[in-house]
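There are two complexes below, and they share subunit A, which is joined by subunit B in the first and by subunit C in the second.
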Partner chain A sequence: MAMSDASGNDVAIGNETDSKGRLLTSDGRPLRAALERANRRRKLTAFGLVAPLLAFIVIFFAFPIVQMMWRSVDNPAVVEALPRTLEALQDWNGEELPSEDVYRALYEDMMADQDLPRLEQKIGPLAVRLNYEVSAARGAISRTSRNVDEFEAPYKEAFMDAHRLWRDTEIWRIIEREGRPLTASYYLAAVDAEYNENNEIVRTDENRRIYVALFGRTFAMSLVITFMTFALGFPIAYYLSSLPMSKANLLMIAVLLPFWTSLLVRTSAWIVLLQGQGVINDTLVGLGILDDENRLSMIYNQTGTIIAMTHILLPFMVLPLYSVMKTIPPSYTRAAKSLGATPWTAFRRVYFPQTLPGIAAGGVLVFIISIGYYITPALVGGQDGRMISNEIARHIQSSLNWGLAAALGSMLLVSVLLLYWLFNKLVGTDSLKFG
Partner chain B sequence: MSASASQDGFVVFDKVQKSYDGETLVVKDLNLSVGKGEFLTMLGPSGSGKTTCLMMLAGFETATNGEILLDGKPINSVPPHKRGIGMVFQNYALFPHMSVGENLSFPLEVRGMGKSDREAKIRRALDMVQMGDFINRRPAQLSGGQQQRIALARALVFEPELVLMDEPLGALDKQLREHMQFEITRLAHDLGITTVYVTHDQTEALTMSDNVAVFDDGRIQQLDPPDVLYEAPKNSFVAQFIGENNTLDGVVKEIKGEHCVVELDGGELIDAKPVNVSKVGERTRVSIRPERVEANKDRLAGDAHTIKAKVLEFIYMGDVFRTRLKVAGNENFIMKTRNAPDQVRHKPGDMIEIGWMPTDCRALDFG
Partner chain C sequence: MTNKFKLIALSSAASMMALSAAAQDPVSLTVVSWGGAYTASQQRAYHEPYMAANPNVTIINDDGSANALAGLRAQSQAGNVTWDLVDMLPSDAQLACDEGIIMEIDHDAMLAPAPDGTPASADFLPGSLGDCFIPQILYSTILAARPGAFEGEQPDSIADLFDLENFPGKRALQDRPGTNLEWALYADGVALDEIYDVLATPEGVDRAFAKLDTIKDEIIFWTEGAQAPQLLADGEVAFATGYNGRMFDAIEVEGMDAAIIWDGQIVEWDGWVVPAQGDNVDAVMDYLYFATDTQRLADQAKFISYGPARASSAPLVGEHADLGIAMAPHMPSAPDNYFAPIVLDNDFWADYGDELRERFANWMLQ
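Moving on to the complex of A and B:
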């Protein structure tokens, strides 16, 4: 074809090579080395620009995350508190109560602990740790350890008199199982499973299962919220992208407003609107659409959480959509129409497919943010609008089971990464456009 | 203005007006008739209303007043997708998420054509623009010229009788543009399609068209075949806009039929052909093409008026010499002479005497 523009004339000068066939510069240095030297300064500048943020991220983001994930398997309490007991337990058959040797070892461990300075004592953490597994453990251990200096041989009897827990093989089984530096028990708890008396993994009782259902609900609600932001955001973004810049900016402010209002103000507004005696219910009753007894419950439940979160996360959908739509020239739709497509076909087959990168970006953004959202479900979620992050927060703030919180958090993180990987496989990240 | 449009053209604009804001007219009283199979170019500076006219014809803008007829039928209320007009856009508007084949298949699919018919037509259209090997490529993988060809093939694949082109060659480099100009005209004539072509490039308009409509200020200033447009511009705007042009201002001294004498503002007398002037004493702007200016007195008629000129600059351009002169106060008076062995190469500072055939010097309206 006459349009090829390749000249095809190779220039012979500058093509000298050394013995290994590498290209040389005109003064005989290897070309690669020369290039590297020329680029070094640029690379150093680039690194210098990135370094502060990199350091910040490593110290305040990457490091805590790794530490958090470590906490979900880290299990030092038993190993550190009961080294002698664990050694003695090695010969235990696991069927009946351990022998006098084991009880003596336990006595020695507890006595040794009392000699330590208060801040280095290990029995306290042990009591907390074992309490996650069996709820009487905390009281039993702390009570026993307070009185242990009065114990006399045979220690087995002494311990069994001190608390009924020491008469039960279960506590010994737990000590043996958790007497390792790493544990899976937090993850088991996080997926509603536990060990039975034969050290087999089984599901917990039906009425004690929480987390699997909570994960499921979190995902389902996030999906609903993502879809809602899409359904509300797409038309707005489309309209905005068709407006001239000055008008679009004005309307964009309306979209961004949720970013700029205080969370509490916003939430109070939702409460005023949505509560049983709120504006919406009063209006509906006043108009005779609802009976006074059948007022809608729209807050302190899932509905409230979904409504509020859709509002808050809407900009995350609108912005990527808008930025993608802004780059689609109107001539595509016009071309489709001139080729005979009805406006609907032109939209469906020509316009819409080109907005997919924006939909994907907005969807991923909204979904990932809502999966880990904490504050809104905590404020307006009530009981059935709670999400997994509320449970994580509870374990960190009130139940103080940081291992379980870490396990739940790690699972959340991994599932987000997994989704992102899956998304990347299906759609490809290069088509993401965050604006 | 051209004569009122005849109603028998294939495309007819009948007293069409367009306003966006209700206060100013972008298109003012447009009357235009395009015959079947004709290649018409709308030429004009940006903002002259030419693209608006094309968009009204395509159906993306509605005429504020007046009627547009296609094959005798008014189309003002016909939506664009029912007009059956092929269109090539400035940026090609190839659908980026579809392959070349899918792009071409699109107009056929929306017409409900069967698969085998579609494939045959796509094949034929691609062969027509010599792009048969590119059927599976994405538009982004094609060069500008190749995209241009595909856009052309897509506009033609459903065999429309009318094709509109909106500055389709604007993004191509010079060489490719010239090549595509030739290809487009060849295709249009071979297929016998009526073409309305919009451009601001006068070379393109002159080389491609059967007729050129020169737009300015929302009106057609002149509608004529290219040679007439170039050689016999009807007013100063057309004379200035098409090709290179020298102008001198003066007053009509006498008129005798097809000949008049103009007294320039500096007092010099020159011969001209009256075009837009009718009476003695009228102010006029005369226009002379640079290649019709003659410095060799032997080639002028004996009684021709000549005028003194000072050489300011001499540019050697290969095939021609371009001499910039100061004539009657105008320092941008250009004389183009063919590079021939006997041709004089003037030096800056030389005083020479120039003249022209009275028929080449047109006395037009004063701006």
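Moving on to the complex of A and C:
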């Protein structure tokens, strides 16, 4: 068989080999290359189809996370504001106050900053940055820089007169330490540690430690909430799965209805129910079970957070459980019973193990959502029912220490990933069933 | 005939609209403030009269002031400034000013003089103006108590807030160190003018927290300004701290059963700043000239009990617009109320705020 192409040349046909013994296609190209090409085209098409989603995830998910992690170590303030001072500080011994040269360099840096357009000035951000390290640094720097154009040599005296911090080696040690483009101090602060006067890492003063205890509490409360949703959700899911479809659907709506209601509405409803003068306390007092003096405090504390969050997260446990239970044939339990198992044994040895994938999925979902939960603890948490996310939000919104917020956020993210990894090692993610 | 008339009317209306549109393009200004009764007072005293006089301007309220500095920073960094005018506290305004993200204000050139010709910089009360900050009001954080919570004697001082024996019950305090630490020291016997000196020492801080420890079990913390009156109204607490204007609103307008304790009131300014890279700076400056003149500041006091920041406004403060009660006795600066004020020290909080917030958060956790 011979074929002619447009130019009239003969080409090799299928099932023939070239001089090197490779299989050729009908148009004479090596079969292997033609297959690869076809495969490549298919892959490209597939990639093209998922490309919008991929781009979406990269732009709106991966990129902000990377940026957040970058912010937790990024430290441009000192480097950009005080280049001359940092250079002059290189010869400093760190023991006594720096020499006049360093103070003059600081004066020059501050004067140079005033010539920049306002939005490019670096002394303002510097003052904010250094105040994270030592109280009163913001005042020392911004007030000094407002008057710096009146300073005259010797500058050392001028600065030392202007603010007490310039008479202390501490601020110079901090400027030298933070005069690098990357810093570990946000992460140190996030684990309640700091540098001492010898630049050694030590734990912060006992009455300023916050975050380690708060991480611990966040995990403990999340565990309790996960267990509560399991304890409440398992019987519901079991009952749902044993009902005929029509009734199950109706009940399912009852489970889902709160799921569709605004989070704030549900949280406020709990405030109405649980508060000191709320429905539950009023009823108990009205029935004479409680004295008016001894009303239960069920809200603005840990109890309130756990109750409200358990309710809000319940569907995340019920749905995976239900979908798994739905697939377990009732005949298995019947078979176990007919082989002599008591109902309890049949449940424990036959039914329960088959629900494990659902429990695992529900547990992971509820736990991971819990540790990042924010609005409910903020509203009903009071003083001891708050979680780490509330601290992160405070640093984003009011204290404006975004570096510390980023460090705390990164730690939260990494701990979730670690947990997931651990879970995968122990249970295996292939057994997860999200419904 | 009627059709023809309609046509003429329509076309003339259209041409008039085209004319006025050419003269004045429609502008929409986003004004950020504190929400609730406070924004309502600005709406009625400033926005509505201004929009009536300038039909091309639409003012949109945004209740973002609680996080104003974070918002200004984020918008500036993103290069997308959507706020035109922001109501914020002077301490945050100074920070934003140092960072260059809000405009510097030439008060005499940009603001209206008093009716007698006194330039703005002399008319605004001493110490209220900032490089980038135009004050509107003097407000105070006060203590309020619910009479129904006590039998017999009623509390009338900050010391009573810490007196669980005579005045038992829950206390609603704001979840931040500011005001709470000042009051703890004041109740512990520190003189009003020495509070910040004492608080600047480690022993003073320990002393304040030790005093707070005595009522810790009875504290409910609030975050948003509207929560404090709500907790009082629900009977959930016996005492609540709050802003005097919101408390006034809850007591006088809503009829809540509570009394304001003016002892140790913590007074501070509140006012406007203009984001530096906004799109409508000219329109905003025109609005500001109007909204911060003597009459407008006095007008705001018809709706909420905050003191106007101009000396020339004080004689013009009249009655509440809806209730008809005289407003002057409800102002923080009224002589009967201003007998033991603590003037909030913004420099102190700028320097020690971060450290004390950590300590306070730790204390809340214990």
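In this text, the second predicted complex is superposed on the first by the 391 of 435 C-alpha atoms of A that agree within 3 Å, B and C clash if a C-alpha of one lies under 4 Å from a C-alpha of the other, contacts with A are read in each partner's own complex, and residues count from 1 in each chain.
Basically, a residue touches a chain if its C-beta (ideal position, glycine included) is under 8 Å from a C-beta of that chain, and two chains touch if they have at least 3 such contacts.
All figures in this text were calculated on a predicted structure; none of them were measured in a lab.
Student: Mind checking the superposed model to see whether subunit B and subunit C fit together on subunit A or clash?
Tutor: In the arrangement built by aligning on subunit A, the partners subunit C and subunit B fit side by side.
Student: Looking at A:R334, would you say it contacts subunit B, subunit C, both, or neither? Reply first, second, both or neither.
Tutor: Touch status of A:R334: first partner only.
Student: By the touch definition at the top of the document, which applies to A:G276: first (subunit B), second (subunit C), both, or neither?
Tutor: The second partner, subunit C, only.
Student: Considering only touches as defined above, state whether A:P244 meets subunit B (first), subunit C (second), both or neither.
Tutor: neither
Student: Between subunit C and subunit B, which one touches more residues of subunit A when both complexes sit on the common chain A?
Tutor: It is C that touches the greater number of subunit A residues.
Student: Quick one: smallest Cα-Cα gap between subunit B and subunit C in the superposed arrangement, Å?
Tutor: It is 45 Å, taken between the nearest C-alpha atoms.
Student: Output the subunit A positions appearing in both contact lists, the one against subunit B and the one against subunit C.
Tutor: The answer is that subunit A has no such residue.
Student: Quick check on the complex: what are the subunit A residues that touch subunit B?
Tutor: 1-3, 329, 331-332, 334-343, 345-346, 349-350, 353-354
Student: In their complex, what parts of subunit A are in touch with subunit C?
Tutor: 117-121, 123-125, 127-128, 131-132, 135-139, 142, 207-210, 213-214, 217, 275-277, 300, 378, 382-384, 386, 391, 394, 396-401
Student: Which residues, counting only subunit B, touch subunit A once they are in their complex?
Tutor: 58-60, 79-87, 89-91, 93, 95-97, 106-107, 110-111, 130, 143, 145-146, 154-155, 158, 164, 176, 179
Student: Quick one: in the complex, what on subunit C touches subunit A?
Tutor: Touching subunit A: residues 66-67, 69-70, 73, 76, 94-95, 98-101, 104, 170, 175-176, 209, 219-221, 223, 234-236, 276-277, 347, 350-355, 357-359, 361-365 of subunit C.
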